[in-house]
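The structure appears right after this line, and notes come after that.
Labels for the chains are A, B, C and D, by order of writing; each one numbers its residues from 1.
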Amino acid sequence: MTTLNPDQINVILATDCGSTTTKAILIEKIDGQYRQTHRGEAPTTVEQPVADVTAGVINAATEVGELAGRRLVNEQGQIIRPAKPASGGQPPEGCDIYISTSSAGGGLQMLVTGVVREMTAASAKRAALGAGAIVMDTIASNDRRKPHEQIQRIRELRPDMILMSGGTDGGTIEHVVEIAELIAPAKPQPRFGTGYRMPVIYAGNKEAAKFVAETFDDSVDLTVVENIRPVLERENLGPARDQIHDVFLEHVMAHAPGYDKLIDWTDAPIMPTPGAVGDILQQIAKARGINVVGVDIGGATTDVFSVFDGPEGEPVFNRTVSANLGMSYSISNVCAEAGMPSVLRWVHFDMDERELRNRVKNKMIRPTTIPQTLEALVFEQAVSREALRLAYIQHREFATTLKGVQQQRTVGDTFSQQKSGQSIVDNMKLDLLVASGGVLSHAPRMEQTASMLIDAFEPEGVTELAKDSIFMMPHLGVLASVHSRAALEVFEKDCLIYLGTCVAAKGRTKPGKQCFSYEISGSTLNERGEMSFGDVRLFPLGLGETARITVEPARGFDVGGGPGKRVEREVRGGTVGLILDARGRPLILPEDRAECRRTVKEWSESLRLYEGSGSPRRR
Amino acid sequence: MKRTVPIVIAAATGFVLIVSSFIPLTEEWGSAAMQWFNILAAIAFVLGGSNLLRMNLQKISDRRLGWGYAAVTLVAFLVTLFVGLFKVGVQPTESFPTYAWAAPYNQEGSFLWWLFEYMYKPLQATMFSLLAFFIASAAFRAFRAKNPEAIALLATAFIVLMGRTYVGGLMREFLPERLEWLSFDAMTNYIMSVFNLAGMRAITIGIALGVASTSLKVLLGVDRSYLGAGDD
Amino acid sequence: MYEFFKTLDRRWIFLLMLIAVGLPILRGWQFPERPSPMVQSVFDAIESLPEGSQVWMAYDYDPGSQGELHPMALAFTRHCALKKLKMYYMTLWPQGPPMIQKNVDVLRNEFPDLQYGVDYVNLGYRPGYEGPIKLAVTDLRKTIAADVDGKSLNDLPMTKGLKNIQNVDLIINVSAGYPGTKEWVLYAATPYNISSVAGCTGVQAPYLYPYVPQQLNGLLGAIKGAAEYEFLLLEAYPQLRENPEAQEALRRMGPQLLAHLVLIALIVIGNVIYFVGRRRGDV
Amino acid sequence: MQTRVLSEQVSVLRREWGVGSGEWAVAGCRSAPLVSSTSHLIFQISNSWRGVTIFALVFVLTLGQAAAQEPPRPVSDLRAVDHPNDVGESVDLSWTISPDDDPEADPQLVSEYRVERMTASDSDAVDDPEFLHEKEFVDIAKVGADEATFTDKGLKRTRTYLYRVIAVGPGGESPVVETETAVGPAMDWFRTDRGWLAVIVLLICGAVTAFIVAAKSGRELYIRKIPGLEAVDEAVGRATEMGRSCVFISGIQDINDIQTVAGITVLSRVASLTAEYGARLEVPTARSLVMTTARETVEASYLAEGRPDAYRQDDIYYLTDEQFGYAAAVTGMITREKPAACFYMGTFYAESLLLAETANAVGAIQVAGTAEPAQLPFFVAACDYTLIGEEFFAASAYLSGEPVQLGSLRGQDVGKLLVAALLVIGCGAATWATVSGSPQASAIVTFLQDNVLGSGGFLP
């Protein structure tokens, strides 16, 4: 790996080795600004017969190179560095840095342990998820399983690594050692490679470390890092996270086919894909000082990322993986968990439930099918709304303030004793909602993407909506670790496609009653009017345009300034425009099916969701 | 069985006592039950005392954290017991001059009296006066004007604190008679006899109903958690 | 400055409180009082009794609450002695007898004319929480057969004919908790329509206010009540001015004033820190 | 005569208005002054026009002073009736005092009244020597001048009695006045003066029981979230992580206090959690009986959690009955051992703040619950969570989550409704009576006061 002066970096190649495809993008400095210019794709080659991840990388890079008219790969099948400008008829060649992420082979799978499920175990889980791992199970002293059940479970799972936590510094030793005593005899086997020892990261009570070390024999490779929860009042996820990344590289990657080579090639450590996505969201939240929620809905799982102000005002990052919520492999589960009526409430015409069930099963066994009729599209988007909604609920429940903290009470709390462990996810404070994943990115009309986001996440107040154009957030996440300015610039300009802004009022009243009045003034858009409760309206406000909006909510409604308080904000336009939402929060659809259908039809017409889409087309 | 018998006893006694309020025939039974309880409690005291003795002896012999305190406890316990039980230093009274122990155990000048006067009393007073210090630190920490309720409480606290001192009454000197109700002591009296009173009554009614329903649950054997969780 | 107060060690507060309480005691600061209507009614209840009336002195407190209650107990005793009332002392608290003894000592030393057994009697401690109250109002001898020295009630002129306390003219209760004022009101004063006044600790006062004026003629709340009472007593009986011990509560109002001012100051400082902190974004 | 009877009634009535009527023992525990609270309230509110006048004396008997040496004139109107609402051992005597009995007069002509009794018949023990002794009139009591009633106690139900009253003065004894017919004390089976109290008790207890039964049959009952109880898990978790102990204090009263019982039910929950989490639980008690009860409870909880091995009997110990001694011992323990979680559930007095502030200083999560209004402010200021009054009593139902227990809470609400209804009706009628002077409204108020909340029995 070479360290370069960021100012001298002009051409960046980034790849993301997914489980099926390896995506490469090229970022170039154009007129002093970093832009993503070209992208290429090739099948991932981790599995037999190739069994060398670099082959896929080279293929993808070659494709990008061809598109860009830049030679990126030399005859030896290696990426050319550093970049050279075109000279003497020769096309420009090479790149200044090459970076990569990886989720091939199922990503990073971890087992985490802690003492109390809601405290250190939750912190450990947060650290693992934040590092981009899939948490296979959480073992805790109070997980209501008997020791033999726990040992059995550890044996069954074949994690890439184990993260152990538990106890504050100076806290319990007994419980931590007890868990170690469960792991030691279970002798968990790593997923890849038979010849190496199970990596165990210990990030618990520092005073218990030596006892834990004594418990394990040579079959595990124990590393001790700073306590994840030195006191209950504070989380210290950084060291554990970094260690996870190191172990990921040293052990897990090193044992996956071809990765040893890939590690040598890259100029920054390879990161697990979701970890990189989290990083870029954190970067953007920090740079712009905003609260961000990102979602990536896939076939099997849905990842939700959020960066919100914590209780002390510092930004707190959370990631959850909803393993059973997805649009293909898990679609049946979504329908089962949400219930068919819940899915159907988003559909504005009659559907035969039997046919629907067939459709669901079809999607499950043929994950790559895309909707062929409007009906199918509407239904798929209805399912996605429910999947996103459920995933967000899970995320809210996980993204809480720390539990086990002593509360400092004042007399003002006499009548309202707030619990700790409240969710820090607050839709009113949410500024930017970023969508990615097939059903969202590839919806035929951007209005549909926006509508799905609003219906599922129910943002309150003023919220910008955006989608990840070609899923390059992972690449940018890694890039941020070496060149954050470049990452942010590309993120703003090329990665995000702004859909527009949603202005929604929190509160409920009877349909038809006044909800808020608005006044919009901008260069192209000048409107004023009133919104009745239950209405939703779309105003055109193009990409790059902004307008000033003043909202005067009716009594009991809140658009961010407090109940009934006037709010004046600058709003950003996008491919969809400005959406004023007076449907109320929480968003409740009529119970009666016919009534519900009529309401949803009205909404979809207001938002021009399915206008002119006789048949879906891909963009 | 282990749980059924106590429940039956509790239910029987309890219902009889409720009924005894209304049926003259059973009126005496309440005090009989109370006497039984006192006897039981007295016997249990032996249990408690011996447990205290054992625990502290154990602490000392194990040299556990703070065993010095255990030693002090033990010595104090035994000395007090001895001095009180054997009426050490008690002088005969006028009425019974020939019986050495006729006077009460805490007769002035007796050992126990000395203990009481010069150890127990100052110690108790010290503990009680600690409250003043703790109230100060609690007030400093907890009295924050965070929301409207807190502001109301703060204002009330200010008035009552002032009203309970010399300053509260002093205000009257400067107020015309018509406005005397504005003085802190008058406002304090008003707050105490109107707002405080109303609030207290509401709380008391709620508590009374809570007591009634809790008692009933215990009597009906619905709530058995005091007999330990789990099944019979 | 802000940082200092934000992370203020409790011990500084304790020190400040110590000074606030100690200074007036050492310097002997004293302030005049202004009796409230409540205290006035307590005073009147005793003042209006004719000479020779019987008062039941139920003194249910212990050394712990002595600081708060002793001055008012003594004030009651002095007032009754000055009015030449017949006093029956009794306590339901195991640590009560020495408290009564202190009152009896006052009678012995300051009112040598009064005779034990004729003008006052010490019935000592009775165990059983509210039990003795119920017995005292129905059949006194079931709970008390002899005075504190073991002298039979039949041998004392005051108690010879006393069957129960239904006919006493006033119950004066000084109480620090349970059993105490509430129990005397519930089991004696209210059912048998006996006039009753009480003195209690500051913490209990809000709890007992609802009983005034129907079930209690008046209530002295803590040292403030005692001080106002002493003030009235001094006005009515100037001879007490000679006796510094009769002004104990008044003396203790000095520390109370300063302690309250310190409390208010602390609350103000606490809030200033809170608001400054909020502006700085610390909270 | 009238006045006497009236004042007797009034004193009974005051007794009932006072909290005395609520004295109602349950399971050996003193129970709440339930009804009296209501009555007390209305009593207070309507005080202004309550007849103080009924105490007014009408002794304006003006008679010339008789010669000093003459015996006083006799009493009149002597009546003996069975004492109402008792078990049958007393007879009430009443008479009109002698016309010579004038407290203002000097010298007084009547110094006392002598009451004499004779047993008229005995249905089962004719040979009883006592009976034989009372075959003629014997002195039973002396009643002071100006007194016109006497209750003769300790009688036998099998007998009937005759009474006579003689006024005694310096001039000798008045002629004897004797009751005409013999009376015998009768056993009353039900205290009619507490009839309404019985009705209210039945209503509330019935409501609680009815909802418990309804809950058993599977009706869903809503209960609002009580953060303080949810926080119990968190507090125990904190103790576990920090490797410190949990301290549970069930008040400083004995087990006959219902608050202690309520506290112990919370203890069983806390013990289940400490067993599950593997944390240490320490229970210092101020009463020996509470210690034994707590041991039983905790042991059962550990057993139910399948961790009987983790139960440590010595962690539940008795300290002292003495309030501040106990507080000193516990605060000392807290300062030394720095527990991570403290629970205060029961009756607390002045030690509340001492305990809570000390534990606050060592950084413990604290959950308190008490029905002592005076201590609530202290707990609120120093603890993380405080269960106020009835919340505390609701704790065991809440924690168990059993519908049967939740049913009892619903029954409690019926009680509240009843209280509220009485308040609204009473206050409304009283206001209307004052504003409009309507006799009907006054009648309602009087009925509420004297009968429903008083001791007048069922009928006006």
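In this text, a contact is a pair of C-beta atoms (placed from the backbone, for glycine too) under 8 Å apart; a residue touches a chain by one contact, two chains touch by 3 or more.
The shown structure was predicted, so the numbers you read here are calculated from the model rather than taken from an experiment.
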By number of C-beta contact pairs, the top two chains: B-D
Centrality ranking, top chain (CA atoms only): B
Subunit C and subunit D: spacing of chain centres that average the CA atoms, whole Å: 24
Separation of subunit A from subunit D, taking each centre as the mean of its C-alpha atoms, in whole Å: 63
Averaged-CA centre spacing for the pair subunit C and subunit A, given as whole angstrom: 68
Distance from subunit B to subunit A - Cα centre to Cα centre, in angstrom: 57
Subunit A: positions in contact with at least two other chains: 409-411, 413-414
Multi-partner residues of subunit C (at least 2 other chains): 10, 64-65, 206-207, 210
Interface hub residues of subunit B, defined as touching at least two other chains: 34, 124, 127-128, 135, 137, 139, 141-146, 154, 200-201, 204
Subunit B residues touching subunit C - in the complex, by the definition given at the top: 31, 34, 38, 93-96, 102-104, 106, 108, 113, 116-117, 120-122, 124-125, 127-129, 132-133, 135-137, 139-141, 143-146, 154, 157-158, 161-162, 164-167, 169, 172, 185, 189, 192-193, 196-197, 200-201, 204
Of subunit A, residues touching subunit D in the complex: 115-116, 118-120, 141-142, 144, 166-168, 170-175, 178, 205, 229, 232, 403-407, 409-411, 413-414, 417-421
Subunit A residues within the subunit B interface of the complex: 408-415
Residue numbers on subunit B that touch subunit A, as the complex places them: 141-147, 149-150, 153-154
Subunit B - residues contacting subunit D, complex: 10-11, 13-14, 17-18, 20-25, 27, 30, 33-34, 36-37, 40-41, 44-49, 51-52, 55, 58, 65-66, 69, 73, 123-124, 127-128, 130-131, 134-135, 137-139, 141-143, 200-201, 203-220, 222-223, 225-231
